[in-house]
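Please read through the structure below; I'll follow up with questions.
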Amino acid sequence: MKERIKAIIEINDNTSSRVFAFFIQALILLSVITFSVETLPELEPDTRFLLRIFETFSVVVFSIEYILRIYVSDKKLKFIFSFYGIIDLLSILPFYVALGVDLRSLRALRFLRLFRILKLVRYNRAMNHFNAAIKSAKEEILLFIMVTLILMYFSAVGIYYFENEAQPEHFSSIFDSLWWAIITLTTVGYGDVYPITVGGKVFTFFILMIGLGIVAIPTGIISSALTRSVDKKE
Amino acid sequence: MKERIKAIIEINDNTSSRVFAFFIQALILLSVITFSVETLPELEPDTRFLLRIFETFSVVVFSIEYILRIYVSDKKLKFIFSFYGIIDLLSILPFYVALGVDLRSLRALRFLRLFRILKLVRYNRAMNHFNAAIKSAKEEILLFIMVTLILMYFSAVGIYYFENEAQPEHFSSIFDSLWWAIITLTTVGYGDVYPITVGGKVFTFFILMIGLGIVAIPTGIISSALTRSVDKKE
Amino acid sequence: MKERIKAIIEINDNTSSRVFAFFIQALILLSVITFSVETLPELEPDTRFLLRIFETFSVVVFSIEYILRIYVSDKKLKFIFSFYGIIDLLSILPFYVALGVDLRSLRALRFLRLFRILKLVRYNRAMNHFNAAIKSAKEEILLFIMVTLILMYFSAVGIYYFENEAQPEHFSSIFDSLWWAIITLTTVGYGDVYPITVGGKVFTFFILMIGLGIVAIPTGIISSALTRSVDKKE
Amino acid sequence: MKERIKAIIEINDNTSSRVFAFFIQALILLSVITFSVETLPELEPDTRFLLRIFETFSVVVFSIEYILRIYVSDKKLKFIFSFYGIIDLLSILPFYVALGVDLRSLRALRFLRLFRILKLVRYNRAMNHFNAAIKSAKEEILLFIMVTLILMYFSAVGIYYFENEAQPEHFSSIFDSLWWAIITLTTVGYGDVYPITVGGKVFTFFILMIGLGIVAIPTGIISSALTRSVDKKE
């Protein structure tokens, strides 16, 4: 009995296992979409009721799946405290915990329910290749993050001194200036804050010249990591 | 007779074939431009009449070309249902179908006429090299698309919880937040929606740090695919 | 005599040649800056007079340099019609031609004067390395430009059908939509035009997903071209 | 005695040295954060007083550290005038110099205090790898900066001629146009200045097509430099 359930739940090459995996994946996708639909501001009570029914159904299925996964695993505690074991639990927990709590706190707890989408990753073996590339470039990525953070801090301090007097509402402190630094160095450029003084504009020019190089670094790191990872595969 | 037409229509190294290909390509370009000109809001009746004449002329030429292509092909059905066979038909069909329909529905159907531009690709042999690079990196590109979509969904849910109360008009649901996530993670940053709360700004910072890495991935994938593709060519 | 001038004007390893090259380069940079200063809207007559004197001085020096370059070159006609010979002439011509013309047309002609800055390239031998990389990737770059243009045209037509009715002032024709397509696909995102309909936003999502890949292509092309170019150097 | 202090202050593999390095790094991070907090506009006197106490404490620690570093170094003058020696001094100097000066000038001098963050780099040996990559690509990076600057200048002059008459407030001179060129070519696109004439928009299209290639160059340079640097490591 246990062996037969295991053959279905854990990924194998037989048909029933594939059907089960596809069914769970489809249910995850649907529950993610219904979760998004629930946030729409002007939903009719009927729609809200249907979404609630589907939510209950999917939580029941995910709960049964979670219990079966514990049942079939040889090392039960190891599974429960593994990455996917925790995600499996967190993706159904908000439903049960919410029953005894008031509605507003429930809303914050539902954020946890999002972890359910991480299950999509579970069934994807191709991810391994990508993980290998990230692992091999770990040191360089950490170094890049540090360099980027230092550059962002310097940009924020610099623009604060140039723009604080001219635009005290937008550059009121270094923390406000950091927002400008993030949005500018990532080249997003919303346009909510930008320098207006000549000094601030010249400073922005130099920061962006350096920033172009900084943006090029992670591209270079990941590009070379992927190339090496693919070379090894071949 | 059939052989002589075939020598002209299908791409060969003789002069008449080149002249024909150049003439068709020029006509495609011109018909694309006239299609764009037709959308200008304040066109004079005379201009509209001239555009109509040119449209009729180009459709007649493309129809003759289409019939000849069927005539000279050895496996007629295979050509008709091939990618370019379908595009050839779709690029002339709206003209004939529109004759019996009212003007407004015609406008929507004319959208199909755009497929004509795809014919530009037909005569371009250099495209093959590019296709090879895309094909070799197919798996990685699919994986990147999945990772990007998951990141976008998480960004949308996160910013919804941070900004919904402060800006209910811009972040009214997760679908509205998805628009913000797309525009921010691609670094387009129109500036129509952006976070204003401290929590939302800090969240945007972390999402963009990850986003910079995500943008670097397809660059790395295509860069290494092209390098390998060029290496093979040499 | 001719040999001595040649030793100074053409780039050699002696001191006088280096001093001359440095002097000309500095004069080019100064004349580029003064040209920019002249466009400032509220200049005092004294400043304008000083700029005029410097302009006259620099044109005299560049004219003498141009005549000497013709004098020392062995194949005079070849130099005059070479890339740098033409730039040398164009960078001084507006000054002389303007004397007999009215002020407004002079303003348009001065645009040509900008070519003077191209002389900066002349003395830079390192440029050769960069040129080699561009030349080796010529075909791929042309293909990328074609693919980008086709994608931009499709984006413009698509957004026109989605947004024309909702925003007739911003998406009045395919030409207006092209402006949106350019600013969006390059991720500049000024925020002067952006989709507001649900259809337009979903369409923008798909276009940007493809656009991220498109932006990755020239990066990949140039990256691999530079790598190969550096490999050959080593 | 001197040897024992040296063993603690300079980076070694013993425990006391690691504890000291961690303590100094934490103090640097905290003093950087408190410096940012001080710029918040509406601070209460109590908070300001606490920040002042922490500032005094950290400057005392950094001063003792600076004196000890001079004491333990074999070539004292070489350390004082080394990069990190100067940064160490600059990061504590504003505190002492400010004592005899009025408050406003103190504010400008405090900018120098930021150099303290550069000490973070000091303890990071991994930085060497990154430095090697930058050094090997020095020539190409300089060339790229020159090409970018020339392109930016041409863009500014071009857009000035197209947009000056239509938008004299935004494109009043070439210097104003340079701001547009910087923000557009780096794809930041704040949206404070953008072309509105047809000529200006077409010009922007061509500049951006070239600009996409320009942005690809430093990415390619750093990508290949990092790949070679990693290859050598392996």
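General observations
When the chains are written out, they are named A, B, C and D in that same order, and each has its own residue count from 1.
To be clear about the criterion, a residue touches a chain if its C-beta (ideal position, glycine included) is under 8 Å from a C-beta of that chain, and two chains touch if they have at least 3 such contacts.
Note that the structure is a prediction, hence the values are computed from the model and not measured.
Comparing the residue numbers each copy contributes, chain C and chain D share less than half of them at their mutual interface.
One of B-D, A-C or A-B repeats the interface of B-C: more than half of the contact pairs, counted by residue number, are shared by A-B. Using mean Cα coordinates as chain centres, the one most removed from chain D is B.
Of the two chain pairs examined here, A-C and A-D, the one linked by more C-beta pairs in contact is A-D. Here the spacing of chain A and chain C, counted between their Cα centres, is 42 Å. Per-chain CA centroids place chain A at a distance of 29 Å from chain D. Within chain C, contacts with two or more other chains are made by residues 187-191, 215, 219, 221, 223-224, 227. Chain contacts here are complete: no pair of chains fails to touch. Contacts from chain A toward chain D in the complex involve residues 139-140, 142-143, 146-147, 150, 153-154, 156-157, 160-161, 164, 168, 172-175, 178, 184, 187-191, 194, 201, 204-205, 208-209, 211-213, 215-217, 219-221, 223-224, 227-228.
Only residues 187-191, 219, 223 of chain D touch chain B when the two sit together in their complex.
Chain D makes touch with chain A in their complex at residues 32, 35-36, 39-41, 108, 111, 114, 117-118, 120-121, 124, 126-127, 129-130, 141, 145, 148, 179, 182-183, 186-192, 215, 218-219, 221-227, 230.
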